[in-house]
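Mind looking over this structure? Questions follow.
Going by the order they are written in, the chains are A, B and C; count residues from 1 in each one.
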Amino acid sequence: MTRTSRLSYFSLYLLWILFFVITPVALIVYQSFFNLNHQFTLQNYRDYLSSSVYLRMTLNSFIFAFLITLLTLLISYPAAYYLTRLKHRQLWILLIILPTWINLLLKAYAFIGIFSQAGSVNHFLTFIGIGPQQILFTNMSFVLVAAYIQIPFMILPIYNSLVDIDPAIINASHDLGANNVQTLWRVIIPMSANGVRSGVQSVFIPSLSLFMITRLIGGNRVITLGTAIEEHFLTTMNWGMGSTIGVVLIIIMFITMMLTASRRKGGVKR
Amino acid sequence: MQSPETILELQHIYKSFDDFVALDNINIKLDQGKFYSFLGPSGSGKTTVLRIVAGLILADRGKVLFDGQDISKLPAEKRKVNTVFQNYALFPHLNVFDNVAFGLRLKRMPQDELQERVMQALKTIQLNGYEDRMISELSGGQQQRVAIARAIVNEPRLLLLDESLSALDQKLRQQMQYELRSLQQRLGITFLFVTHDQEEALAMSDEIIVMNEGRIQQSGTPVDIYDEPINHFVANFIGESNIVPGTMIRDYEVEFVGKRFECADAGMRDHEPVEVVLRPEDITVTTPNQGKLVVSVDSQLFRGDHFEITSHDEDGNEWLIHATNSIEDRDKVGLSFSPNALHVMRFGEKEADFDRRLSEYEGDES
Amino acid sequence: MTEKHTWIGKLYLAFAFAILYMPIFYLVFYSFNSGKNMSGFKGFTWSHYQTLFADSRLIIIVLQTFLVAILSALIATIVGSLGALGIYQVRRRHTRNLLLSLNNILMVSPDVIIGASFLILFTAMGIALGFGSVLASHIAFSIPIVVLLVLPRLQEMDYAMIDAARDLGANSWQILSRVILPFILPSVFSGYFMAFTYSLDDFAVTFFVTGNGFATLSVEIYSRARQGINLEINALSALMFLFSIILIVGYYLLNQYTQSRRQRRQKDGVYLK
């Protein structure tokens, strides 16, 4: 095909890259150097690095994201493993995907009911004799709901990497004298490591920045990087500081991606 | 026989990919209505020649003349040449009919004429009744035929075939060799067949062009090339041969393994170092006293229609022999051969010089 | 695997599926509650559905949401497919990798970052916030997924097919429309489908770039949920759940149908050899 015809239909896509990928990132970095009075300054970064409030918030956000990721992984790995053992796997996988099609907000909203003072969980706690507890608007409720929402995104990549394992390799492992546990530990888990990596990547990064769950479920007690950005942009209108936190989030995102990058070279995963 | 007209001529074609020289000064003329094979190992440049003729790539330098017209810069879609691709490259989303009709539809041929032409093409390759099949429902041999039909339906004057039989199994391959040859004779169009399989080339072609390292080594009829290879590469690549170093004593006399033999070659300098080719099937096994050469037998393998015997002479040259009978408990045997069986090759001889020399002394003989 | 092992596995999966679906069924269940909130089922009623269908503001928002989803998915599919074609034709590895990395930035960026940076972008360009800015954002964040779905299909394509088409006389446009497009069509459809669900699902980006006059369903649910429980939302989620199930069953059946058809025809092919 000729060069000119290629450029003409490629140009829309290149324009998209220019206007919606490069420019926004550049703008957020640019904006982070301006204070409320539109003066160029390093003050935002100075404030961020010297303020214990911001630093503690970043640390908290990190710990929350870590807990959410860990909880999601612990629930998802066995689920993904057992899913590979089922018949009609395609159907079951669709059933794992189905909840992700339900609007995120609706799922979060459901937990407002479930965790409320008079909700089901408290009914259950009363029933087994513990008595009603304040669940909604606590750190724990935030972690639970966030993990709930992310589970399918963890199961899918792990499942895909497990399904790719040739059954002959498992047989070979048994043939060489490994029992089920040894096979799991020495063969299956290492071979599914890439799935775990991409699962962790797709759960950890969003967990740093979830802001609507912190608002709806965590009340205003849980402050993450995401809530801070939202607040600076939409409530206090301090875009400079909001952008500074955004830049920090972007940096953390890149570090996470590098740490969880697939060890296999090349190739983009779906 | 009337003199056939030239359909395709390549003049001084050069092509490089990055640092790799794929074609280094290719010159060739192809006549109307003949079956040509470009034969060579992978990386020899034969497929590059085909792609340049098809217009899928352009040569760095040189001219492609089709029917006397320069088409060097013409893109593939404008050339009156069609190709049967290596893995057929059939369109999986179209059925057999639509695959074959693809080229005609692009030419906006009226429906009834198109229908007739496609049906005719399918009949030619014996796939009538398969019009509505999807490509995935066909066997390899059937796909091969559809690929041929898709090309010939456009009535090209030159059909290119790129390793077209290599994806088929042995038996089907031999059957397709017969079919391709008879198809070419029926249609009367020029076939340019690219292959790395020397048996295939020998069986089907009117003329073979042997390529190596981006250059044409030798071109000629299968018999010429088999009997009189120009150099070590051709002798080795086409058929099996014994090649030993020797010295041309004078015309019709050559020396190797310390002995002088009568031969059929001439036109070289006296005492020129040469290589001597002796085909394994031209050797007869006799007793050591009667043999022109004496060799020690190393091993024997039964190949069905002959025994393959490997042996070595006192200089350490290996000798391969195809014999009808096995050799029984004899360590040393004699080898005999006729003077005509010996073929002498000069080092680094150009094809033009080779042809001139051959015609000179062969002219003497007659 | 041993009997006992299978049993544990199934139990675990039952537990996992129960957790995944429990909140959804909880919502649906209480949408029929005649009481005021999601605790203590007082009695069966359709009244919340009646309120929902009488709520013209919500109906309009649902329609707007679908309009944005349909349009943004359509445009994103076109731009993304053309982009995939472009990337496919880039021969130099470095350029190609650079393009792919740029493509993936929006895939991995947190929603807040996308939302905040688009907000700065629209403000800097003087674009009013509302339908236009929401549509543009949805197109923007849906393009990369289309590229990621279409590109592998293109790479599966035998390049000789394009050579064959040229050899048979097809020009660039004919190659695109008669060979490449029919071949990649399934992946273009799944690209559209993904872009559509991305758009329907999005909350965070829309929340940043929508003005006062325009809302999508997610934004509306958020502001209503912040005011507390309202069983009209439950009724809405029941309907949306139903919609998703219809979509997924349709998708599954379509898949099964095409697969079995292909297998059947291949079998016929074998018999005919």
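Definition applied: contacts are C-beta pairs under 8 Å (C-beta built on N, C-alpha and C of every residue); 3 or more make two chains touch, one makes a residue touch a chain.
Quick caveat, the model's predicted, so the values are computed rather than measured.
J.: Select the chain whose centre, defined as the mean of its C-alpha atoms, is least distant from the mean of all protein C-alpha atoms.
T.: C
J.: Let me check something: if the centre of a chain is the mean of its CA atoms, which chain is farthest from chain B?
T.: Farthest from chain B by mean C-alpha position: A.
J.: So what's the Cα centroid distance for chain A and chain C, whole Å?
T.: 18
J.: Return the distance between the CA-based centres of chain A and chain B, expressed in whole Å.
T.: Distance between chain centres, rounded to whole Å: 62 Å.
J.: Take the average of all CA coordinates in chain B, do the same for chain C, and state the distance between these two points in whole angstrom.
T.: 56
J.: Residue numbers of chain A touching chain C in their complex, please.
T.: 1-2, 5-6, 9-10, 12-14, 16-17, 19-25, 27-28, 31, 75, 78-79, 81-83, 85-86, 90-92, 94-114, 116, 118-120, 123, 148, 151-152, 180, 201, 205-206, 208-209, 211-212, 215-216, 225-226, 229-230, 233-234, 239, 242-243, 246, 249-250, 253, 257, 268, 270
J.: Considering the complex alone, what residue numbers of chain C touch chain A?
T.: Within the complex, chain C touches chain A at residues 1, 5-6, 9-10, 12-13, 16-17, 19-24, 26-27, 30, 37-40, 78-80, 82-83, 85-86, 89, 99-100, 102-106, 108-121, 124, 136, 140, 143, 147-149, 151-152, 172-173, 175, 197, 200-201, 203-204, 207-208, 217-218, 221-222, 225-226, 228-229, 233, 236-237, 240-241, 244-245, 247-248, 251-252, 255.
J.: Note which residues of chain B are touching chain C in the complex, please.
T.: 54-56, 75-78, 81-83, 85-87, 89-94, 102-103, 106-107, 133-134, 136-139, 142, 150-151, 154
J.: Would you tell me which residues of chain C are touching chain B in their complex?
T.: 158, 160-161, 163-171, 174, 178-179, 182-183, 262, 265-266, 268-269, 272-273
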